[in-house]
Every structure is written in C-alpha cells, then in structure tokens.
Amino acid sequence: MSGELLLDAIFWLFAAGAVVTGYRVFRTDSMVRAAFYLLASFAAVGGILVLLGAEFVGMVLILMMAGEMLIMAIVMVMYMMNPAGLNPMWMVHQHRVAVAAGLLSFAVLAAPVLLVDFPDHPNPAPEKATAQLGEELLGDSMLVFQTAGVALLSTMIGAVVLASRRGRYGEAEEGSTEPSLEQDLEST
Amino acid sequence: MPDSEVMPMDMAAAVGDVVPEIVLVVGGVVVLLWALLAPRRWQSGAALLALVALALATLATLPMLPALGGRESLTFADTYARDGVAVWSKLIVLPATAAVIGLSVPWFRSDPRHGEYYTLILYGALGAILLAGATDLKEFVVAMILSSATGYVLTGYHRRSSSGSEAAIKYYLIGALTSAAMLIGVAYLFGLAGSTTLSGLRSGLPPTGGVGLAVGAALVILAVAFKIGAVPAHAWMPDVAQGAPAPVAAFVTSIPKVGGLIFLARFVLALPTDGLDWRLLVAVLSAATMTLGNLAALWQTDVRRLLGWSAVSQTGYGLMAIVALGLSGLAVPSLLFFLLAYVIGNVAAFGVVVELRGRTKLEDYLGLGRARPLLLGALLLAFLSFIGVPPRAGFVAKLLLFGAAIEADYIWLAVLAALNTVVSIVYYVRVLAPAYFDAPPKSIPVLGRWAAIATLAMAVALIVVGLWAEPFVRAFAESGLLP
Amino acid sequence: MLSAAVILPIVGAVLIFVLGRQLSWLATSERRLQRVATLAAAIPLVLLAFAWLAFEGTGGFEQVEALNWIPTLGVSYRVGIDGLSLPLASMTALIFVAATAYPVDLRGRGPSYFALMLFLEGASIGLFLALDLFLFFVFWDVSLVAMYFLIGAWGHGDARRSALKFFVYTFAGSLPLLLAILGIYLTTEPRTFDMAQIIEQQPLAGGGLYAVLVFIGFFIGFAIKTPMVPFHTWLPPAHVDAPGPVSAVLAGVLLKMGTYGFVRILMAMLPDTFAQFAFPLAVLAVIAIVYGALVALAQTNLKRLVAYTSINHMGYVILGLAVAGAAVPGQAAAQAIALTGATVEMVAHGLITGSLFLISGSLLARGSTYETDAYGGLLQRAPWLTSLTVLAAFASLGLPGLAGFVAEIQVFTGALAVYPWLAAVGLFGIIVTAALFLRMLGRVFLGGLPERWSEFRDLGRTEAFTLAALLALVVVIGVFPAWLLDVIDSFAGPFVGR
Amino acid sequence: MIVLILPLLPVAGAGVLLLLGDRPRLVGVAAVGTLLLTLAVAIAAATSEPSFGWAWSPGIQLRLELDGFGRTMSVLVPLIATPIVAYAAATEDDGRRRLLALLLAFVGAMLLLVSAADFLTLLIGWELVSFLSWTLIGHRWRDPDAVRSATQAFLTTRVGDIGLFIAAGMTFAATGSFAFAGLAGADPGAQAVIAAGVLLAAAAKSAQLPFSPWLFAAMAGPTPVSALLHSATLVAAGAYLLIRLGPDLGAVAWFLPAVATVGIATALAGAVVALVQTDAKRALAGSTSAQYGLMFIAVGAGSVAAAGAQLVAHAAFKSLLFLGAGMAIHATGSGWLGSLRLARAMPLVALLSAVGALALTAVPPLGAAWSKERILAATLQASPWLGGAVLIASLLTALYAARYQLLVFGPPDAGTRAAQPYRPGAAELASLAVLASVTLLLSAVWLPGGERFVASMTEGTLESGAAWEIAASVGLTAVAFGLVWQLFRSRRLLTFGLPDRLQAAAADWLGLPAMTHAIIVRPIESLAATLARLDDRVIDAGIRGVAWLARRVSALAAIHGEWTFDGIVRGITSLTLGTARASRTTDDLGVDAAVEAGARGVGLVGEASRRLQTGESHHYYVIIAVGLAVMLVVLIWIP
Amino acid sequence: MSLETILLVAAALFGIGVYGALSQQSFVMLMMGLELMINGGILALGAFWAYTAGGNPQGQMLAIVFMTVMAVEMALGFALITNVYRARRADITEKLRRLKG
C-alpha cells in the first residue's frame, strides 16, 4: 500500500519534472541550459518508463539523451550565436499561432484520454520485459532491427558526407557542386 | 492471420523472402568500401557496382512474381509482405534507381568524393522498397526513417550549393516534424489495438476508437503525406526539386512515393471503416494536393521547381487510387500503373534537366527542339504522359485512376482531377511551346552519354509501357495487397 | 487494309521526319518534300477507295480488323467501317491530301510540318475507323497534340496563344469524354471497350442519374469539339491564326470528330438518354444555326467569317442528329432522312469549308490580310480564285446541285417532321448565311479593283487543281448524291429502326 | 428521258459556249441555236407527256414530268428566251460569252423548275434559278450597285425559299415523299402549312407585296436579263407554282382568298408604282408586279387556266416592252421618262413597242385581252368586290401603259433633247419583231376552239364572261387613253403635278424598301454586330457573382490580416485576395470571353497560391498544423 | 499513476514540443521542440505497453524504433545545420527563404 503510494509520488515527481523542464526548454536565455532542461525532461520520462516496467528502454533513453545533449551543446557552442546566454535569448516567431497549435495539440491528444475507452489489458509479467524485448529483437522483429541498423549506417554516412570538413581527397567541399552550364573538356 | 501461427518463425525461410533487400544492403556496403578504398579516378566504379547490385536485386525479385510462381504471403512475423504489390514496387523502384544512377554518373563527375552517394541511393531505394512491403508499424517507422534519412543527405549532397543545403534542411524540418508527430500516432494505434502489425490493427482496432483512432490514423497519414509530398506536408517537394542535385531530385520526388503510397494503401485497409471515413480524408487530401500543385506550378519560371510542383499534383492523382481501395477492382492496378508511369516519366523529365547540365530557367529551353530534338522529344513524352495523353503510359494510368474513382462513386474527385489536368496543360506547355516553336539563341551543351541514354531509355519506356500495357495491367490486376 | 490506312501515314510521318533532314535529296527541296508527303498522304485515300469498293452496306460493321490490346481491361485494337465512318474517313483522307499538297509558308521546318500532317492524318482516319472506345480516345487526344503544334508553329498572328487556347479548351472537352467512356465501360458486363458489344449490351438502357451523368460527360466532350454554342469560343482564334491548310484540316476533319462522336457513341450507346435530351439539344442546335450565322454576318475577317459559318453548319448537323435521336413515333423515315442529312453535312462541310479555308490561305499569301474590306474586284485579276470561291460559297450557303444542299434539305425535312417550329426558326439561318456569303463575295471579288491589287496573282496550278478536286466532289455529291446516300443510308436506316 | 434532256440541253449549250472562246458571232449563233433546239425538244416533249425518275437516295426519287400547264411553260420559256438571247448576243459587248452562257443555263434551270414533279426537284430548280439570276443581275460586277442589287434580289427571293423548304419538309412529313401527287391526300394541318409555304415562296418569287421592291433591284442587270427575268422565267416561277399547285391546295379554306388578296394588293400597288415611276425600266417593273398580281387574283378566283393564259400573254408582251425600253435607253443613255419620246428617232421600234403596250392594256383582239377578260369573268363569278378590283386595276393598267408608250415612244416636243439617230441592228429588230408577232399571234385564242385549247393546255376550266364586261373594260380603256392623251398634251403626264415627295414615295413602292430596311435588315445587322461583340467578350453573370463574393471575402480577410500579422495568415489572406483580384480583374477588363476570364482567374489564383509557399519553414509548419487540424475534422466530425 | 495520467503528461510534452517547433527561430531550439514531441510519443507508448497491450513486446521494440528515429533525426539534423551554416551562415529559419513560390 505504501509502496504503491511511494510509486505514485515518484511518478508525480517525474511527471511534473518532465513537463516543467520541458516547458523551461523554451523559457530560458541560454541554449546550453535549454539542452540540459531537455535532457532532464527525457530523464524524467525515462524514469516513468522504468516505473512502468520497461527498465531497459528507460535506461537506454536516458543514456542516449545524455550523449545527444552533449553533442547538441557542442554544436551550439560551435555554430550558434549567443550560446551561453550572455544576452537575453528570445528568438521566436509566430508566437501566438505556436501557442495555439501547442494547446490544440495537447487538447487533441488529451481528448482520447477522456473520450475513448482504451482496452484494459495490463502487462501480466512486467518482470520479464527485458527478456521479452531480447527475444523480440532477435526474433520476430529481426527485419525491423536490421532495417534500423541500415538506417543508422546511412545516417552515419550521411552525417559525415554533410558535416565533415575534410574528405578523402582534401577539402570536402572541393568540386561538390552542380556541373557548369558550359561544356567542360572531360565530357564529350 | 493471428500472430501465434507463424511463431516460432523459421528464420532461414524468412531470409529467403528478402533476398533482394539483402542484396541491396550488401551492395551498399560493397559500394561504400569501394568508395573508401578505391583510388580517386576509379570512384565512378562505385556506380557500376551499384548497378550490379540493382541488377542482382532485380534478378532476385523476378522469381517472386506471382506470375512466375512466387508465393504471396506475409513474412517475418507479419511485419513484411512479399505479395504482388511489393514485388512490383521493387520492379518499379530498382530499374528507376538504375536510371537515376545513369543520370548521376556524369553529374557528379566533378565531385571527387561521390562513392558514398551510390550507397545512399541504394539505401534510399531500399527504404522505399521496405516501406512498400511493410505490414507493420515498426517496420513502417524504420523504413520511413531510412528513406527520409537518405533523402535529406542526398538533397544536401552538393556542399557548395547554397540552395541544395537550404532544400535539404527544409526537407528535413518538414520530415522531422511529421515523423515526430507520427510516433505518437503510432503509439496511439498500438495502444488501441495492442499490436503493431497491420493484421493486428485490422483485427484489434476497436471501431469505437473514436478520437484516439482518428488521431493515430491522421498522424500516420500525415507522415505518409510527407513522404509522398501530399498536402499539407507537401512544401518540401518543390524546394527539393529545385535545390537538390538534379538526379537526386529525380530520385527523391519519385521513388519514395512508391513506398509511401503502397504503405498508405495497406494502412488504410487496416483501419475500421465504420465511424472513420478515411476514404473521404484521402479524397480531400487528394483533391487539395492535385489542385494546389497544379495552381502553384502554373507560373513557375524554374523548370525544376515546376517539376516539383507537378510532382505534388501527381501525388494527388495517385491518392485517387487509395480512395477507391476496396470499392473498385481497378484500385490496385491503377495505383501500381500510376506509380510505374509516374516514376518513369519523372525520371525522364528530370533526366532531360540533367542532360542539359541542370539548366532550369525557362528561357534556357528556348529552341531546344532544333538544338536537341531528342531531348525535347523525351521532355515532350514525359510531359504528355503527365497530362495523360495517349499512347504514353500516363494515359493508361489516368484511365485506370479515373475508372477506379468513378467505380468507387467518387465522381466528384474524378471530375476535379479532370479539371486539374486541364489546368496542368498550361504549365507543361509553357515549357514545351518555346522549346518547340522558337529558335535556339545559342548552342546548348549537354552533359554526356550516360545521362542521355538513361533519359531516352525512360522516355522510350513511357511509350512502350503505354502501348504494351497489357502485361503490366494483367500482372497488376493479379497482384495481391496483403494483409 | 483499314489498319494500313491508319498506320501507313504514321509510319510516313516518322520517315519524313527522319529522312527529311537526313536525306539530302529531300532536305534540299521543299517542293520535293511536299510531293513525297502528298504521295504518302494519298495512300489512305487509295486504300479507302478499295474499302469503298468492297463495302456491302449490311448495316453492321464491315471489314473489321481486330487485335487484342489490353484484354485484361477489355481493350482491343479494332477498326472497321460502316455507312457512317466510311464516308467520313474517306473525306478525311481527301482533305489531308489537299491540305498536304497545298502551298504554305513552311518557315524552314518542312519535315516537321509534313510529319505532323501525316501523323494527324493517321490519327484522324484512325478515329473514324476505331471500333473500340479506348482506341477512339487515343486517336482523339493524339490529334489534339498534333494540331496544337501545327497551329502554334506555322500559324501567324497570335498563333501560340490561339493554339494553347485550342489545346486547353479541347482537352478540357476530352477529359469529360474520358470520364464518360469510363462511366459506360464500368457498367458493361463483361467489361469491354468494344463499341459493337457496348451497343449490343446497352448497359445504360433505361436512363437514370448515372446515365445522365455519362451523357453529360460525352456531351461536353463532343460539344466542345463540334463546337456547339456556347462552347465555341476556341474556334475563331484557332482558325484565324492557323495556316490555311491546317485550318482546312481543323474545320474539315477535327470538328467532325465531335459530331461523329455524337452519333457513334452518344446516340448509339445511350439512345434512351439521348431521346430524353433530344429536344434541348435541338434547341441548342437551332441557337447555333442562328447565332453562328448572325455572328458570321458581322465579321469583316474572312477566316472568322468562315469559322462562324462552321458553327452554323455544325448546328445543322446537330439538329439532324437530335431529330434522328428523338423519341417520336411513326417518323422513322423522316428521322432516317435527318440522320443521313446530318452525315452528308459532315462530309459536305469538310469539303466545302476545307476549300474555303484553303482559299483564305491563298488570299493571305497574296494580300497578307484576311480583312474583306481590304480587297475588292479581284475577279478582274483572279478569275479562277473568284470562280472557285463563288462555287464554295454557294455550296456553303446550300445551293442545290452542290453538296451542302443535299445535307440541309434532308436535315430540315427531318426536322420539320419532328420539331417543326424549331426547324422553321432554323431556316432563318439559311437566309443569313446567304447574306453573309454574298456580301463577302461582293466585298472581296466584285466591285472596283483597288490600285494596290493590280498585280494580284491568280491561283497557282497546285492550288487551283487541289481546290478544283475538292469542289468537283462537292458538285458530284450535289448532282448525284445517290452513291453517297446509299452508303450512308445503309447505316442510317437501321439506326433509326426503319 | 426527253424531259431530262430538256433542262440539260441549254446547260450543255452553256458549257459549249464557254469552250468556244472569244468569238462573238459564233457564240451568239451557238446560243440561239441551242435555244432553238431546246424549243424543238420542248415542243416534242410537250406533246408526249413524258416523265423521268432519278434516284436521289434509297428513299427519295427526283421526278421530272411534263403535264398540265408545265407543257405550255416548257415551250414558252425557250420561245421567249430565243429572241431575248439573240438580242443580248447582238447588243451586249461586255462579257458577252459569260452572259449568254449564264442565260442559257438560266433557261435550263427554269425548265428544270417547270418540269419538276416533286418538291425536291422543284426546290433544286427554284434555287438554281435564284443563283443564276444573281449572276445575271450582277453581270456588271465592277459596279458595286449592281452587285448590291443582285444580292438584294437573291436574298429577297431566298426569304421565299424558306416557304418552299417548309412546304417540302411538311409534304415529306405528311406523305413520306416529296411528290406533288400526294399533296391532296395529306392531312389538313399539313396541307395548311404547305399552302402557307407555297404562298410565301410564290409571292416572293413573283414580286408580290411585300417583296415587290426586289424587282427594282433586278433592273441593275442588262436589259435582256430584265426582259427574260420578268417575262417567262424567274418572276413567272411564282405564278407557275400557284397554277401548278393551287388546285391541289384548294382544300385549305383560306388559301385561295389569301392568294387573291395578295394579288389584289400587288395589282393595285404595282399599277400605281408603274403610273408614277419616272424611270422606264422601273415603270415596267411595277407593271410586272401588277400583272403577276392579276394572275394571283385569277388563281385565287379559282381559274388557273385564266392565270396561265395571262402568264403566257404577259411573257410575250413584257419581254417585247423591255427590249424596246432597252433600245430606248441604249439610244439616249438614260431611262428617265422625261427625256425620251423617241417616235422619230426609232419609229419602227416605237411601233413594235406599241403592240406590247396595247397588249398590256389588254386591247382586243390581242391575246392578252382575252386572258384579262377571262380573269375578270372568273373574279366576278367569285365575288363582285374582286371583280371591281380587277376593273380598277385594268383602268390603272390602261393609264400606265398609255403613259409609258407616250413618254418613251411618243412624239418629241420642245422639251426633249433631240436624240441621236440610232440605228438598231437587224438582230435587235428581228428579236423585237418575233416577240411582237408572238404577241399578235396570241390573238388566235379569240378564235373558236381557243378556249378549249387553253383549257387543255392548263388543265383548268375557264369562265366565260358576259358581253358587258368586255364593253366595260374597253370603255374604261378608251377613257384612260383619252385622259393620258390630255395629260400628255398638257405635259403633266410625267408626274401628274404631284408633289415631289409624294411622287417619289409612290414610285418607290410607297416607301416599302426603306421600311424593310428599317425594320428587318438594320435590326438583323445590328443584332449580328451585337452578338459578334458579345461573342468576343462574354462576361456571364456567374463570373460577376464570383467576383462580388470574392470581394466580400477579401474585405473580411483584410480585417483579419490587420489583426494578426503572422506570416501564414498573410499567406492565406493573399491567396484570398489573389482570388478576389483575379475575379475583379476579369470583371474590370471585360474584354474577353467568359472562358478567357475563367482561365485568367485560374492563373491569378495560381499566382496567389504560390504565395502560400513563402519559403519560410515555420510557415510550412503552420500549414502542416492547420492541415492536420482539417484532417482531424474530416475524420472525426464528418462521418 | 494510471494510463490516463501518463497520457496527459505525454500530451503535455507533445504540446510543448509543438509549441517549440512552431515558435523557435533557431534550428537547434526548433529541434528541441521536435525532441520533446518524440519524448511524449515514447512516454505514451510506454503507457500503452504497460496498460492496454498486455505487455506485448512489440511495444518495447517500437520504443527502440522510436529512439532510433530520434537518434537518426538528431544526428542528421545537426549535420544539416552544420552544412547549411557553412554554406549560408544561416542559423535561424528566416535566413533560408531563397526557395519559395
């Protein structure tokens, strides 16, 4: 009984944390700070997932986001103006529309919660979750798993192609453009 | 087919169902290795390897044709289909990809570092193929992301092209938003049905799903709309067509549509029809897409951009087939035939742009008829096919699409499509008329043999498929659409 | 043989297009090129002459040549003739020979011009011979494209705009047609595009909303092509800006596609619905007759004038068709007469208006304007031109002894039996056409000869010969109509159930 | 077969003429020879009642037949034409070959018309006659007036053709064939329509009111053309038609009275015109209308035989008079009646013309008097009012005939310029002489048996009149002659001292041509011009409506545009505004067809819809959001 | 802790994400909005997996897939941002509007 209460309390903590930090992402003056708020939001969600019994997924989420936010912070420091929040940062457009869209999205997603009778079919064996995932991953979802692998490979290639400063043959940007409109000597 | 029946899965047998896909994966890796290891002057060899991979994949696909004894079934625990439609999607995508590679070779000649490009093209094609075969939301999501990821990179491949990078990031922004939204939609569907396979959705989705079902379905459809360039997520299409390297534009504006439209067909059929009029939704999207695409294309002065908008409008026509699914026997044949005709035509049209070294201003096409009659011929064939003038393939496609819409009692949609076709003539003719009627102001240099061959092959294919439509129509009509 | 009449011109087109540039023997001389093209254009005429000889007049389709095309959809390549298509196809072949032979400013693009002409010839003949809706539509659309390029590239004035208007407008007509074809196709069982089978099945017998929708689709398609008022506004600019021979083809052949479609498809496949709409159609036809004539009366531009008389003449055709398709008991003979008359009008209008457009081409070549007021007294310098124009003009206004009369009297006879009041109103058009042609003749050819035309050249040998050939046929039909009416009646009689 | 040769022979002759080349004498001889041959054939044919059928289409036969009055006509036409063509060959130098060929063809067409036994054949001949008359009247094509006159003549008679079209169509609808033979059996309703059509056609062709003025226009042709048109051909076709079909249509109650009424009106009006005209040929033209009016009266009174006889007599004397007038005009260069008086200049011609004038006046024992007397008898039989009208017409005829003869060929006085001495050629005189002798020979009908002969040739019956009727008409004639002589002496014969305006109006059919022009020609022309303008720039109500609506919408959108400045709203606003502008532009321009306006509207909307694609990604996001909202609405609320 | 509450939290996260994606000018900030949306998606998925799908392992797999999507999108997003910044010196959406119309 008290365990459940505790669980609830932790949940509410995570829930509130996820939403509040999520909100703070866009209410801070520093991009770096925003990144860490985002990380916090993800961590809270990861926590909820763990509470729900999906330990593996929750932890992966947290770890992945941590890495990602590091990259994000670096990118911001590298390229973006005003990375550390030296000046007040308020760079928004179409604010009113965005607020309306955000509220509307919430309403649309919340509506089913109130209106739809979701099936009541709770997880019978939460403790086996990770093992089941392993089976699923290498069993039924083999194709999905492999496809995801190819997607990640493509992403790596793509990220290198797009972002690397140096290529195999010197400057990566060298010659990386459309053909000239006039006849060049090679092509005949 | 309940999940339990195929469990436990015979992995070895299942691998046999995805030989073409495996060939593409391996081919991509081989190409990548070649690109990394081969000396600079042999970089183009990567193209050859990619072509070999495509040819092998095609060969591996042929035995799967139902007409050649191929078995139509779901595989990998219902996550993937090897039915007629999936096979034909491969047979459309693979040769078209080969043609795009033909276009790419001379285009990228000046870029020393383009071996990876062919890997990405192969994986892009793979993404479209997997999307077309996906019968499971997980597979759908990863296939989407594979297709999108390669698409973004390909679009921004020219590092020095400022419009290329702009197009890439716009493409990305729209794609990221729609797929982020799609994820929660997928989650809702999973929550309602308790399963991610389409067969599971079909049996598990409660008709009383109401708003939840609608939200889930709408978000998934929105993501597919992005993939195929339909309203409201169409905005990337013209930008990419204009900004991306022309061969990439040919690829990105056509190949993913094959996967997207076919998955959409599978997906909507898994939705319950009572309480959820997905037909009307798709019909509205179709109407909006074709109309907006045509109207916006009217006054374009940039041929590539015009082709992009035309690609938007073509998506609208293609969606008519989806509307008719389940109501008309012509729906599946019309969808496949549309894709066949559209992909060939689009590659041919962009091929002309490629062969003209990416010339894209309207006035650059002045007098093309006298300077480069064959190229104008190809462009003419492609455009007339888009309009739907016989005997090009596009005509049979339009015929089937209209027929399907009428049979499904969506006469208003057919009429609107007809009106749109009339409007579309104007912008196609705005390119063709000066090209045919005027005299060329100066010589028009071209890119080279590879691109010309690929372009003309596609153009000839338009006529051949248009005149010799029977085998295709028959095969399409006999193709199953699982689950 | 019929297939050869369709395919050989198209093959000829390809050959001319390629060899006309590559073969120096042809590339160096436009005259030689024109002669070769004319010979090629004449092949179908010869073939159709043989078909005419072998024609039996059984009332059904004869000399059918069929080939499976897309059997899955019930599409086949199927050509054949009956009393309706044979005269039209033959007329088409003749007009094309004349148009190909007629001198025109080629603008250094001879091979393209002749290739398009021959291609258009094949497509047009194919359309009239086609016995499969799919095939019919293929030729229908293809002819539009060829015509677009012909007008745009060799026209004058605002040719491109006119060509585009023509293309867009008529294409806007062809799409409802396509929808309607699909509409009727989807109701057949088993699914087929075969005209004979559809006519036999009568899938939409009994009418209903669906049949009405299909009817409307066909109607819009054919009405635009014909063109019927108020769908006619593409016609005058297209004619004015097109070169003479192309105008001749446009008026002589392409307009007939619309009226032919009315008979072959609408009346044959949707007789009940057609009967339901016969009266409004007749009203529209009479409006076209009167309106076309009146508007033509106010024109000072020769080509516009002829163009509007085309609208008027197509009104006669439609009136005849409406009468033939009306559901009135006991007037089968009159209805058959009207149908025969309408068919003759199609042929006659092709020959006569074709000649008139060729003549305006000659006039433009000499005087570089179509304005009738700019001319005068040309009879003095150009007796041949004048005589042939007078002949054509009177044929057009329906002088007996010429083909136009044969058609008009029959149409009106039928109409008087079925819709007497409408016919009486329509007769008013006869006066106005007479007035406008006489006025045109007076302005251009009679009266005093202005100084600037004192060096006006009469028709050249080719021109005179071509026109004389066309008009000779007009006279022959006018004087001995029986040979033509026999053939047409073999179709018209059974068609109205006489 | 012979009945086919009859019309073809002159046509063939015309063809031969064209081949002969520019040899005036030979051409003339050939033309006259052809006609003589035709005459011979006609006589042969007339005695044998031949017929000939000719398949037009599987269901329709063209029939040629010579029977009844047709036999007379078939002889009369070449008979009258021969001297006229001879005259033409002698006098017309300008385009002689063409003129003669056309005259021959014209005779052929008339013979076809005469021998027609069904409406279709009749219509063919009828229209061919019209067409050839157009070429004949417009013979002097360099003169724009001649061309205009030819057109007027053609068009007026074309109006009548509508009647024939209707009659033909109705006959077919009622009987299943075009043949005259079936007419009597047609149902009454159809018969009434046919009768109306026939009357219209006949009235127009025979220059009855209100179509009469075209005859003036027909004067623009050379004299022989006028002579031929007015006597045995073109104009005669109308009366011939009535003579031929009148009995068949007699069952229609109003038909004969209507014919008679038209006839009376024209006879009186034409006589007045002839009486006050100051142009020689026009005076004769007025008289032609009046004379055909008499024939109409005869038909209306039920006596086709009298009408036929009158037609024959009129053909002879009217051509004679016309040729005489032509010579007078030739001699003086003017047809103004005030300046002729050529008794001295050409006495022989004057004498021959006098024969014609007397015939016109119907002075016994000339044949014309006989027929006139029979008409009077028939009308008196039918109704005293009708008879009275005929008597008045006779009086007027006598007046204008005498006036004409005196003013043209009367003794010169001080007021007239001395005409140059003019020597008519032998051929001209011979032509006149032949026609005069025909006129004289027709006196033979007074002989016993004449009556039977006429009745048999017209297949009609004749009323014989009382003696007092002859006496009365002779008396009237004498009074008229006296009166004219008095006026001539007092030099008031030309205009009778009438005020100029009145005289001019009366001479020009009481202003009928001007009226026709004002109430028919002008409205049609302006209607045509209006329609043509309309056709060039149709703006239909629908487009206006759309424009109005779009303007309202755009006003609303503009307000919202101020309220929120967010880009996407701007985009949407601009789309709406673009639509509005599109509509407004078309509305304002208003120079093109509705279709064009629609096209331009689509184009402008296209321009506007491009503005949705602002190039800014966050706008695209909004589009997606809005689109998604719409999708949800469709999915959730519409079912 | 119940299905409803978790879904509401997920919806809130999603809504905030939408707001961010639509309102932020900077590409990086915009991407954070997208991430939040995905975050909401993952959370909702977790809730459904636990409460309505009977612990169907497909749900967990789906979560892995979602994370893959997130990883791919973020990686490519950064690469593209780098790319466009090099090519155009653009870091906010407003700087990229050459392609339009």
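General remarks:
We call the chains A, B, C, D and E, going by the order they appear; numbering starts again at 1 in every chain.
Just so it is clear, contacts are C-beta pairs under 8 Å (C-beta built on N, C-alpha and C of every residue); 3 or more make two chains touch, one makes a residue touch a chain.
Computed from a predicted model, the values in this text were never measured in an experiment.
Contact with chain C and chain D alike is made by B.
Steps from chain A to chain E, minimised over paths through touching chains, total 1.
No other two chains have as many C-beta pairs in contact as A-E.
Across the assembly, the mean Cα position most removed from that of chain C is the one of A. Set against the C-alpha centre of chain B, every other chain centre is closer than that of D.
Put simply, the C-alpha centre of chain C and that of chain E have 64 angstrom between them. A separation of 68 Å divides the Cα centre of chain A from that of chain C.
A straight line joining the Cα centres of chain B and chain C is 43 Å long.
Taking each chain's centre as the average of its CA atoms, chain A and chain D sit 95 Å apart. Residue positions of chain A touching 2 or more other chains: 93-94, 97, 101, 104-105, 108-109, 112, 118-119, 121, 140-141, 144, 148, 151, 155, 158-159, 162, 173.
Chain contacts: chain B has residues 138, 142, 145, 149, 152-153, 156, 159-161, 168-170, 173, 177, 181, 184, 188, 191-192, 194, 210-211, 215, 238, 296, 300, 426 touching two or more partner chains. Residues of chain E in contact with two or more other chains: 10, 14, 17-18, 21-23, 25, 31, 35, 40, 42, 44, 47-49, 51-54, 58, 61, 65, 68, 72, 76, 79-81, 83, 86, 93-94, 96, 98-101.
In this structure, the chains touch in the following pairs: A-B, A-D, A-E, B-C, B-D, B-E, C-D, D-E.
Residues of chain E touching chain B in their complex: 10, 14, 17, 21, 27, 30-31, 34-35, 37-38, 40-42, 44-45, 47-49, 51-54, 56, 58-59, 61-62, 65-66, 68-69, 72-73, 76-77, 79-81, 83-84, 86-88, 90, 93, 96, 98-101.
By the touch criterion given at the top, residues 564, 566-569, 618-619, 622, 625, 629, 632 of chain D touch chain A in their complex. Interface residues of chain D, counted against chain B in their complex, comprise 602-603, 605-607, 609-610, 612-613, 617, 620-621, 623-624, 626-628, 630-632, 634-636, 638-639.
Within the complex formed with chain B, the residues of chain C that make contact are 68-73, 134, 137-138, 141-142, 144-145, 148-149, 152-153, 160, 163-164, 167-168, 171-172, 175-176, 178-179, 182-183, 185-186, 213. Of all residues in chain E, only 1, 3-26, 28-29, 31-33, 35-36, 39-40, 42-44, 46-55, 57-58, 60-61, 63-65, 67-68, 70-72, 74-76, 78-83, 85-86, 91-94 touch chain A in the complex they form.
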